[in-house]
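Some structures to go through are shown next.
Two complexes come next, and they have one chain in common, chain A, joined by chain B in the first and chain C in the second.
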Partner chain A sequence: MDDSTKKTLSSIPLLKTKAGPRDKDLWPQRLKEEYQALIQYVKNNKDADQDWFRLESNSDGTRWFGKCWYFYNQMKYEFDIEFDIPVTFPVTAPEIALPELDGKTAKMYRGGKICLSDHFKPLWAKNVPKFGIAHAMALGLGPWLAVEVPDLIGKGLIQYKEKSEGEKS
Partner chain B sequence: MSSFDWEEVKRLAADFQRTQFSSAAQKLSERNCVEIITKLTQLKLLDVVFTNDGKSYITPKYLIKEIKDELYVHNGRANLIDLAKSLNVDASVITSLAHEVVKEDSSVRVILGQLIDHSYVINVAEEINDRLQQHGLINVSELARTFDLPADFIHSIIKENSGRIIRGVKQDKQDVQTYYTENYLNRYKSIVKGALAAITRPTQISTIISHCGIKENVFFSIIDSLIESKQVPGIVTERCGSVCSYIPQIYIKSQTEWVKNFFTQNGYLEYDALSRSGINDPKSFIEKSVQSQENLQYLKNCAIGQGLLDQIEASVEEAVASQSWINILSILPTVIDAEDAEIILQKTVKGNRNLSSVQIFNQVYAVSEAFLNTLYSRIADQIMPENVNQAVNSGTYEQYIIESKVSSVASDGDKRELSRKEERKKRTTVGKSGGGTQGRETKTKVTKKKYGQKSSHKIDSDEEELVKPKSFSSFEFVSYEEIQNVIQSDKSFQDEDFDHSEFIENLQLHYYPLINKAALTLAQSVYEARQANINSSKRKLNAELQDNIISLYQDFKLYQRAIKEFNDEDCQSQLNKYLLKSTGTQLTNACFTFISDKCEDFTSPKSYQKIITSVDNKEVKDAFTKLQKAMNGSSIEEFVSSVDDVLSVLNIMMKKMDKKKEKALLESHKQALLNKLEETDDPPLVLHLASLILFQNVTQNMVNASGRFVTNILGVLEKRLPAEDYQPVHQYHTLVLKFFKLSEDDEEYASINGELKENTPLLKQKVSCVTKK
Partner chain C sequence: MESLEELKGRIEALRSLFSDVKLMTDDETPAETASSFSSTMSDEVKDSNPYSRLMALKRMGIVQNYEKIRDYTVAIVGVGGVGSVTAEMLTRCGIGKLLLFDYDKVELANMNRMFYMPQQAGTYKVEAAAKTLNFINPTVDIKSFNMNITTVENYETFQKELLHGSLTGGRVDLVLSCVDNYEGRMTINQACNELGLPWFESGVSENAVSGHIQFINPGETACFACAPPLIVASSVDEKTLKKDGVCAASLPTTMAIVAGFLVQNVLKKLLNFGEVSHYLGYNAMKDHFPRMKLLPNTSCSDTNCIKQQEEYKEKVANQVVDESLKVSEKESAVVHEDNIYGIELVHDGAASKDDDYSAGDGVKYSLPQTSSNVEGPVVSDTNQSVDDLRNVMNNLNNL
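Right after this comes the complex of A and B.
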C-alpha cells in the first residue's frame, strides 16, 4: 500500500455502526455513515482534483452502481461500476464489478468482479466495522485500476471511446 | 425513527450526488498545469526553462541572475557543468545562457567551459605576481597546470596586467613559456658576469651552467643579452645544441701573446702547437695575429716568418760561397718536415738569382754546384782511371763492347714498337746479365719509394736517367760503393752528427750515370790506346819469334854439321832422327807459333792441322803441310828444305852464318853446358854433359845428343883426345855402366856409388881443364 493510498485512506472518516441490510434498525444508521464517508471522500478527491468515480444507490442502499474513470496519456477511460451490499456486510467486503472488462483480464472473477489484492481482505477483516464503501473504493478499485488499465490499454484490449458527456478538466 | 433515518439517508444521498457533481471542476491539477505550459512553450508564447526534475520552471532572466550569483559565490570562476548541476538546469541551457551573460557583461568570459569574470582574472594576476616576486621566475606551463587554465590565457593575463598588477616582468626570448623579473634577471646576470669574468680558460658552457646553478635557457638568454651589450670579456663559440664553450678574452689575449712571442722568438709557428693550445683554425688565427707585421709563408705543418727564410737563404748562400752543401733541416725547427723544407728551399732558390745553380737533393739538401763539381772531379780522378784501366786490361770492357754490338744488332732487328712491358722485360734480362749493378738499382728503387708520393715525379725522372744510360752503356766502371766511399770521405760528411746516408745515396745516384758515362768515354780512349799498344807489342813479339826461329835454325844447322863427325852411319841416322825430334820439333813449333799468333803447346798433330786450316793463304798452307810431313819423316835434308820454304813464305830473312858469329854461338853453348855441369851431381848426367863438352872441344862442333849416344861420343873422343885426358872419362864411363847394371841390393852398389862420387869432382875438373887448353 503506497503512501498516497494510505493518506487517502486515513482522510476518509471511519464508520461506527456494525449493521448489514438485514438489520432493519441499524442499517439506516449504517447507511448514513456510509454516505457521510463517501461525501467526505469525494470532497477530498475533488479538492485534490482527483475525482475518479460517480456512485448512486437504490432506495434501500443494497445495490450500488455508477461510473469510474482513469486518465492515461491524457485520455480518459471510463468504465461502469456495479456491486451489491452482501448480507453479511460489513463483515464481508462488497465485491465491486466492472462488467465491461469481464474476460479481458485475469485479475477478475466471473461477472466482472475484480480480484482484490492480498492486502485487501486481511486489512478489511481487521477494520470491521470501521471500513465502508468509500474504503473499499479507495483501497480496492483505485489501485486495481491504476495497475490494470495501462496494462489493458497496452495490450489493446480497451480502446479510447470519445464520450459525449463532456469531461471537465 | 427509522423513517426519520431514511429521510436523512435520502438527504445524505442527495448531498452525495450534489457533492459528486458540484465541485469537480474547481481546481486545475498539476498535470494540467504541466500540460498547459508545455503547450504554451510549444506555441512559443512563453519562454521558460525546465529544471532537470521537471518540477519547476525558470525564466531565463532569473537563470541569468542566478548564474551571476553563482559566479560571485564561486569567486568569479564557475564551471558550466557545475552550474548546471547546482541550478538543476540542463547543461546546454546553461552554456547558451552563459554566452548571453558574456555578451551582456564584457568582464566575464567563458574559457574551457568555465565562466570567469574580471575579479578572478585580477586574482590570478595577483597570484602570478606574488609567485614572480617570490621566485623571480615563472613558467607558464606550470601556471597553466596549477590554475587549470590554458597557457594562452595566462599569457594574455600576464600581458594585460604587466606593469599594473604584475611588476617588472620579462618574457624569455628563447623560451616564451618563461617569464622572469628584472631583479631575477639582474641577479643572474651578475652571477653569470662574475663567472665569465673569473674564467681564464676556454670552458664548456655546460660546466659554467652547472657551476652557476642556472637553468640552461636562462643562461643562454642572459649570455646573449650580455653579448649584445658587450659586457662579456670573451666569446662564445658557435652553438651546436648545448655544446659550446666560452673563451675568455684574457685567454685569447694571452694566446695571441704567446703566439706572437713564440713567433718572434722562433720565427715560425706550428699549426699543431696552436691547435694544441685550443686554436681551431691555426692558419686564420696566425693571419689575424701575426700577418700584419710579417711576410709569412704558410706551409703544410706550420707558418714560417721572413726571418727564418732569410736565415735559410743566408745559409744556402754561405754553402754556395764555401762550395759546400747544407741540410736545411739542421737549421729549420724540427717541426718542419722534408716536404715543407723542400718548398722553402725551392722558394729560396728561386727567389735568389745567386742561388740558381744550387741543386736540391733529398728535398732538404741544398748543394752548391762547386761542391758537386769537386766531388765529381775527385771521383773522376781517384777511382775512375784506375777502374777503367782495370776494366780495359781485364778484357771485360772488350767483351762488353762485343756484347753491346751484338745486342744493338739484335735490337735493330727488333721492331721499334715493342710494348712497354716487353721493353721492360728485356731491360731486366739485360740487367740480370749485369749482375751486381741491377741488384743495386732495384735496391735504390725500393729505398726511393720511401720518400713519399710527392716526389714521385722526380723519382720517375731519376729512373729515366738511371735507365737510359744503362740501355746503351750498362757497363759499370765505378760502382755505387766506390762512389759512396769517395763521397763519405769528404770532410763535410765526417764532422756532423746527421745521418746523411740518404743524401749520399742520392749523390751516388746523381754521380753514377755521370761518372760511368765519363768512364765509358775514358774507357774508349784507353781501350784504343791499349789496342795500339798491343799492336806494337805484337810486332815486337813477331821479331822475337823470328829471332827464335833463326837461332833455332842455326842451331839445327850446327847440330847437323856435328853429326857428320860420327863415322858410324847407324849412329849418324839415329842422331839425325833425334835431332829432328828435338830441335826440329822446336823449330816447327816456332814456325807454327809465328803464324798462329798464339803461344800454344803443340802436342798433337791435330793442333797443327787446326792452325793450317785456319790459314787462308794457300802458299803458306802448302808450305806448312810440307813442313809437318817433313818433321814426321826422317830426312834431315828434306826437313831443311821445307823449313827454308816456310821461312821464305813467312818472309823471314835468313842471314848467312859468318865465322865470328858461329864461334860466339858455339862458345855460349859450351858455356851453358859447363854451367849445367857445375850444378849437377848425378853421375850419368855428369858423364853425359862431360862427354858433350869434350866433344865440342875436340871437334869445334856442337852436338845434340841424348844420354843414349854417350858411348858413340866417347868413341869419337877416344880417337881425338890424348890418352891421359881420355882415361878418366873412360874410367868414369865404365863405372856408370856398372852402376846401371847393378841393383840396390847388390854388394858392390855402395862401393861403386862411393867411387862415382869420388870421381865426379875429378871428372869435372878434368873437363874444365881440357876445355881451357
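Right after this comes the complex of A and C.
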C-alpha cells in the first residue's frame, strides 16, 4: 500500500457490525454503517476535488448501482457500476462489476466483475468486518481503474463518449 | 440485403439446429436408449445392458447394493472443467437425480477441457450439460438452474432445492462444489453449515498442476471457513503475487483426475464402501497424493459451524457402541499353509499413529489478528435511519 492510499484509507471510517443481508436483525445496522462510511468517503473526495463515483442501493441494500469515472488526458471516461451484496458478506467482499467492459480485458471475470483477487481480496479478508463498500471502492475499484482504463484506451478498446453532464440528477 | 453479420448468425443457428437433428437421428434416439436403460438395474451380463459392468461390483464383493444409487440425489454447483465431467460420470453410473447450478456460458476457451462440444459455444452450460447428459442416460432425472447462488435472492432458491430437491422431495444426499471462486465456495459452505448437509469441495490450482478434494460433514470435519486461505493466513505481501492477466491455466488431465477422485469418493460415501477421504491432494509435478484428516476449528468464524460441532459432539457422546459389531470388524490374522520364508502381512498404518493430528508446517490455524492491520476512525453511532442516510447520500450525489 502506498502513502496516498494509506491516507485515503485512514479517512474512511471503519465499520463495526459483522452482519450480512441474511442476518435479519443486524443487517439494517450494518447497512447504516455502510452508508455512513460511504457518505464520509464521498465527502472527502468532493473536498479534495477527487470525486469519482456515485452509488445507490435498492431498498434492502442488497443491490447497488451507480457510475464511476476516470480522467485521462483531460477526458472523462464514465462506466456504469453494479454489484450484489453476497450472502456471505462481509466475510467475502462484494464483486464489483462494470458490465460494459466485459470481454475487453483479461482482468475481469464473467459479467464484467473486476478482478480483485490479488490486490484487494486478501486485504479485505484480513479486515473483516471493518471494511465496507467504501473500502472496496477506494482500494478495489479505484486502483483497478487507474491501471486498466489507460491500458484499454491505449489498445483502442474504449473510446471517449460525450455524455454524463446532461443526464446528471 | 442481410448484412454479413446477420448471415453469419443464421449459419450458426442452422448449424446448431443441424447438429441437434443429427444427434437425434443418428443411431438411437433418447427414447430408444431409454428402453435399454430401464428404471430398475439389471445385473444380467450381456452387451445390451448398460449397467452390467457396474452391477458386477456386487459380484466382486466391492459394493453391497449397487442399485441404491438410483435413490440418490446429488447437487453439483459449477459445471465447468471439473463439474461437467463429474456430472457425466454420475450419469453413467446411473445416479437417481442431479441438480446442476451454474450461470456461465460455454466458450471456445473451454475446449481444452472435456465434455462440452464447440457447437455448444454460446449456450448456457447447465442447458448444454442437461441435454448431453440426457442423451447419455435418459433415466437420470436432471434439473438445471441457470443462476448465481451468491446473491440473496438466488440463495433462497438454492437452499430450497437442497432441502426439497431430492427424488422424494426431501434433502439432497450430497452437494458437490465444482466452482472456480472463493465466493461460490463460501456460499456453499454457509448453506451446508446452516442445513447440516454433507458436501465435497473440489478445486484445481490456477497453474493447472495441482488439485484437491475435501469432504465436509458439518460438525465432524473442518468446514471451508475453518482454515483461511494461505494468502490470508500468511502475511505474504500481495504485490509478490501479481501476475500478468487473470487468465488461469487449465489441463484436461488435472481436471479429469480431480473429477475422478471426487466421484470415487461420492460413490464410496453413497454406496458405503471403502474409506472416504477427508482431504485428498494431487500434485501433478511429482504425482504426489497427500491424504489427511481435517478436524473442525473450534473458533471457526461461521457460527453455524460451531453449532454443528456442538451437535456432532452430542451425537457421538450419545451413540451406543455395539460391542458385537466391534468384534466382527476385527481382522483375523492371515495364516498360510506353508510359509517357509516367514513372510508376514503388516497393516499399512501399523508403523504410524493414526490419530496424530497436527496442522502442516507453515499452515496457520487461524486468521491473524485484524487489529494489527488497519487502524483508524470507526463509524459513530447515529440516530439516523437507513432512509435518512440514503437521503443524505442522494443529496450528496446530486451536488
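Here is the rule we use: the second predicted complex is superposed on the first by the 162 of 169 C-alpha atoms of A that agree within 3 Å, B and C clash if a C-alpha of one lies under 4 Å from a C-alpha of the other, contacts with A are read in each partner's own complex, and residues count from 1 in each chain.
The rule is short, and it goes like this: contacts are C-beta pairs under 8 Å (C-beta built on N, C-alpha and C of every residue); 3 or more make two chains touch, one makes a residue touch a chain.
Predicted model, so just to flag it, every value in this text is computed and none were measured.
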First, second, both or neither for A:Q36, with chain B first and chain C second: both
Touched partner set for A:P28, first chain B, second chain C, both or neither: both
Which superposed partner A:V128 touches (first chain B, second chain C, both, neither): second
First (chain B), second (chain C), both or neither touched by A:Q74: first
Partner chain in contact with A:I153 - chain B first, chain C second, else both or neither: neither
Chain B versus chain C, judged by how many residues of chain A each one touches: C
Touched partner set for A:D47, first chain B, second chain C, both or neither: first
Common interface residues of chain A - those touching chain B in one complex and chain C in the other: 28, 31-32, 35-36, 38-39, 42-43, 46, 54-57, 61, 168-169
List of chain C residues in touch with chain A within their complex: 103-104, 150-153, 155, 181-183, 186-187, 189-190, 225, 228-229, 231-232, 236, 238, 241-243, 245-247, 301, 367-368, 370, 373-380, 382, 384-386, 389-390, 392-394, 396-399
Residues of chain B defined as touching chain A within the complex: 2, 5-6, 8-9, 12-13, 15-17, 19-20, 23-29, 31-32, 35
Contact set on chain A toward chain C in their complex: 9-16, 21-22, 28, 31-33, 35-39, 42-43, 46, 54-57, 61-62, 66, 84-88, 91-92, 95, 106-110, 115, 117-119, 121-123, 125-128, 130-131, 168-169
Footprint of chain B on chain A - complex, ascending: 24-25, 28-29, 31-32, 35-36, 38-39, 42-43, 46-51, 54-57, 61, 71, 74, 168-169
